[in-house]
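Inspection log for the structure reproduced underneath, given as structure tokens.
Chain nomenclature is as follows: A, B, C and D, assigned in order of appearance, with residue numbering initiated at 1 for each chain independently.
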Amino acid sequence: MKTPIILVNYKIYNEISGSRGLELAKICQEVSKKTGVNIAIAPQMIDLFYIAEKISIPVFSQHVDNIKPGSGTGKTTLEGIRATKAVGTLINHSENRLKIADIENIVTKCKELGLISVVCTNNLAVSKAVAMFNPDFIAVEPPELIGGDISVTDADPDIVKNTVKVIRDISPKTKVLCGAGVKNGKDIKKAIELGAEGVLLASGVTKAKNPREVLEDLAKGAI
Amino acid sequence: MKTPIILVNYKIYNEISGSRGLELAKICQEVSKKTGVNIAIAPQMIDLFYIAEKISIPVFSQHVDNIKPGSGTGKTTLEGIRATKAVGTLINHSENRLKIADIENIVTKCKELGLISVVCTNNLAVSKAVAMFNPDFIAVEPPELIGGDISVTDADPDIVKNTVKVIRDISPKTKVLCGAGVKNGKDIKKAIELGAEGVLLASGVTKAKNPREVLEDLAKGAI
Amino acid sequence: MKTPIILVNYKIYNEISGSRGLELAKICQEVSKKTGVNIAIAPQMIDLFYIAEKISIPVFSQHVDNIKPGSGTGKTTLEGIRATKAVGTLINHSENRLKIADIENIVTKCKELGLISVVCTNNLAVSKAVAMFNPDFIAVEPPELIGGDISVTDADPDIVKNTVKVIRDISPKTKVLCGAGVKNGKDIKKAIELGAEGVLLASGVTKAKNPREVLEDLAKGAI
Amino acid sequence: MKTPIILVNYKIYNEISGSRGLELAKICQEVSKKTGVNIAIAPQMIDLFYIAEKISIPVFSQHVDNIKPGSGTGKTTLEGIRATKAVGTLINHSENRLKIADIENIVTKCKELGLISVVCTNNLAVSKAVAMFNPDFIAVEPPELIGGDISVTDADPDIVKNTVKVIRDISPKTKVLCGAGVKNGKDIKKAIELGAEGVLLASGVTKAKNPREVLEDLAKGAI
């Protein structure tokens, strides 16, 4: 996965449901092509395959259950995600926290299946713990800043810098993203200066009046 | 929703992930057209929109969360389901049980949004309780028979007959489906004789060597 | 269980942990004896047996899991509750909602074990559903009023009156309590006028500067 | 906390509910005094304070929620546990797994409150992750061996040896316990030879015909 990366989490906003989710995906794809910056998306669960089959930028699942194919009505497996052509999955997002044994098992299975694991964490200690599983990405997001107006890169630059530093020691191949309040090119530029290899963001793009402009500004900051 | 109905729950079997889920959906559609029997499907969550946009038989979500559009990474809203053109959702499946206040709220919201609610229950008492919410369908499935070899219509015909009877008194517009072990035309014929307006089944179709044959046999039983 | 009843839910407030929980229990007992009004308590889970063995007014568990004795580290069984001499349990409190099949199973098992079931509900529809299980008590508490300053008896008297009315038709032996914002004798008097047989309250007593005074006022309202 | 330690998890077996739980606690205490080996217990949640006030050997909670004192009917706080005179708590038992952020927060808060944290883990990778939080104890229990007849020390001695080794590097002050299938003095002797500082066990004691004999045999193995 080429970095720096801008990973857009659609969450379950009205603004991205149905055909609007696909429209936003196409805008992400166009801006990515135009700027050369890697932009990835995590659409609503029920739109995953619908969108993944129609675009060529990387698509992630927002969530996965630690469950094998079989029974499990309403659940989602890594095998199912892979079959949609999605490239990986968010794991343990603050809105969908997982048990530690489940995170470990999912990250391990991602490696077997060739899927990219992006484990979300809330602080330095949890990032260090998760680093023991050697995921592809750790996305650190202080919960108190999620959905807020101040970017983590301004509100708590140390958490980004320190996460990058300690993860490098524990799991050198794991890349660090940061998130929470990230909204523009300035924020992502700062994130990269702090050592992150990209950002995870949501409302800054999905609820923007003009998502294309926001994405172009973000991409500019990432170059 | 025309009845009798054969509602095929895909669960998360390997046999229905990726493009194979769409193939099975097309077979269901063909058998439905050929026989005139209403066949509906509940695909994997992540395949919902992908499949729903490509076929014309009724598509249901396997699950929904009692959550509003907005934050909620990895969750599923009724609004999101409606935007995929799915016609409704399973609620409270035995593999994804819900809290009672959530069931009530989801059923109420289904009515507002014009979605069909299919609430799964495990016994007569719970069916009676759920009937108070006036869902479109109650699908009674004794948990000990789910995934087994003996159809609920043979193993416990009384639960079907009694559920039909008591639901008629409490909520006359609610239709009763039955499930657990249902596998062939004989089973669905018996279900209809017992007063049910259809069946909910999974492995009998999804894991069949020849799903078309199984579906045609089921449809024959439903006529 | 004699009614009207004042059922004091200790929740997990600092004010009632350790020996202070027992002190409050003794005050409840003294006021009950003095006034002749039935006052019951639901202490912290970990204090249940400690308090139950030392007082003679009715003690309830705050919660129970739908699980059999055996494995289940950290869980609570009805059999375990009964062995502490507690007389029953709250079920499905708004801070600890249960799945519908679990509520049904717990209420049924309460009858077998001779324990008193107090099922909490959030609105009229859920109360009607729960009435199908014929619990001993239904305690209706509109969630938006819990912990607030305005008593449900003032903010939404109709929900109390209507719950009493519909429950009487469905399950004549089930008694109705109301809760949320209940704080003084005036509130409980109103509750009884609306047809309730008592109140469920928490912070109004547990966080009171002088719990004895509050309890005496409540008891006065209940006479 | 003196080691080696024999930590008896009561779970929710019928054999330890009510007064029988106290009886077993007294036997543990007598054997501990007689042999000089540290024996600790984790009683049923609802019996915690009842037992803790009556005995002097260390008492642990079986579980704790990551929640502050206040609202939270049916939950358990560290503050509440401390007020019962219990010395600490099991965290993340295989029958009550926690989210990773909750484990981190609970372990951190245990240190602030002077409580002993015993975090249960299922394999080497999860043990390493948890070691990042520097708990007082890590109790590794391969889930497939829990409740079985073969002790982890025979079935998988390497997991014990390797856990001890890696934890020593990551968090030198964290002590390792092992569990699953542990039943007699021979098992605990082997555990100590493998580097563990004690065992966590349940049915081997709680369901024994003669718990005193079993405990004496265990204590002998620990000397």
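The rule is simple: a residue touches a chain if its C-beta (ideal position, glycine included) is under 8 Å from a C-beta of that chain, and two chains touch if they have at least 3 such contacts.
Just so we're on the same page, UniProt names per chain: A, B, C, D = Triosephosphate isomerase.
For clarity, every value in this text was computed on a predicted model and none was experimentally measured.
S.K.: Chain by chain, through touching neighbours only, how many steps does the shortest route from subunit B (Triosephosphate isomerase) to subunit D (Triosephosphate isomerase) take?
M.R.: Graph distance in the chain contact network comes out at 2.
S.K.: Once the contact rule is applied, which chains count as partners of both subunit A (Triosephosphate isomerase) and subunit D (Triosephosphate isomerase)?
M.R.: none
S.K.: Between subunit A (Triosephosphate isomerase) and subunit B (Triosephosphate isomerase), what is the separation of their C-alpha centroids in Å?
M.R.: 33
S.K.: Which whole number of Å gives the spacing of the CA centres of subunit A (Triosephosphate isomerase) and subunit C (Triosephosphate isomerase)?
M.R.: Computed from C-alpha means, the inter-chain centre distance equals 44 Å.
S.K.: Any idea how many Å lie between the Cα centroids of subunit B (Triosephosphate isomerase) and subunit C (Triosephosphate isomerase)?
M.R.: 37
S.K.: Out of subunit D (Triosephosphate isomerase), which residues touch more than one other chain, so two or more?
M.R.: Residues of subunit D (Triosephosphate isomerase) touching two or more partner chains: there are none.
S.K.: Throw together a list of every chain pair that touches.
M.R.: A-B, A-D, B-C, C-D
S.K.: Name, in rising order, each residue of subunit B (Triosephosphate isomerase) that touches subunit A (Triosephosphate isomerase) in their complex.
M.R.: 9, 11-14, 17-19, 42, 44-51, 53, 61-63, 67, 69-77, 79-81, 83-84, 86, 90, 93-96, 147, 202
S.K.: Which of the residues in subunit D (Triosephosphate isomerase) come into contact with subunit A (Triosephosphate isomerase) in the complex?
M.R.: Subunit D (Triosephosphate isomerase) residues touching subunit A (Triosephosphate isomerase): 92, 97-104, 108, 121-123, 125-126, 128-130, 132-133.
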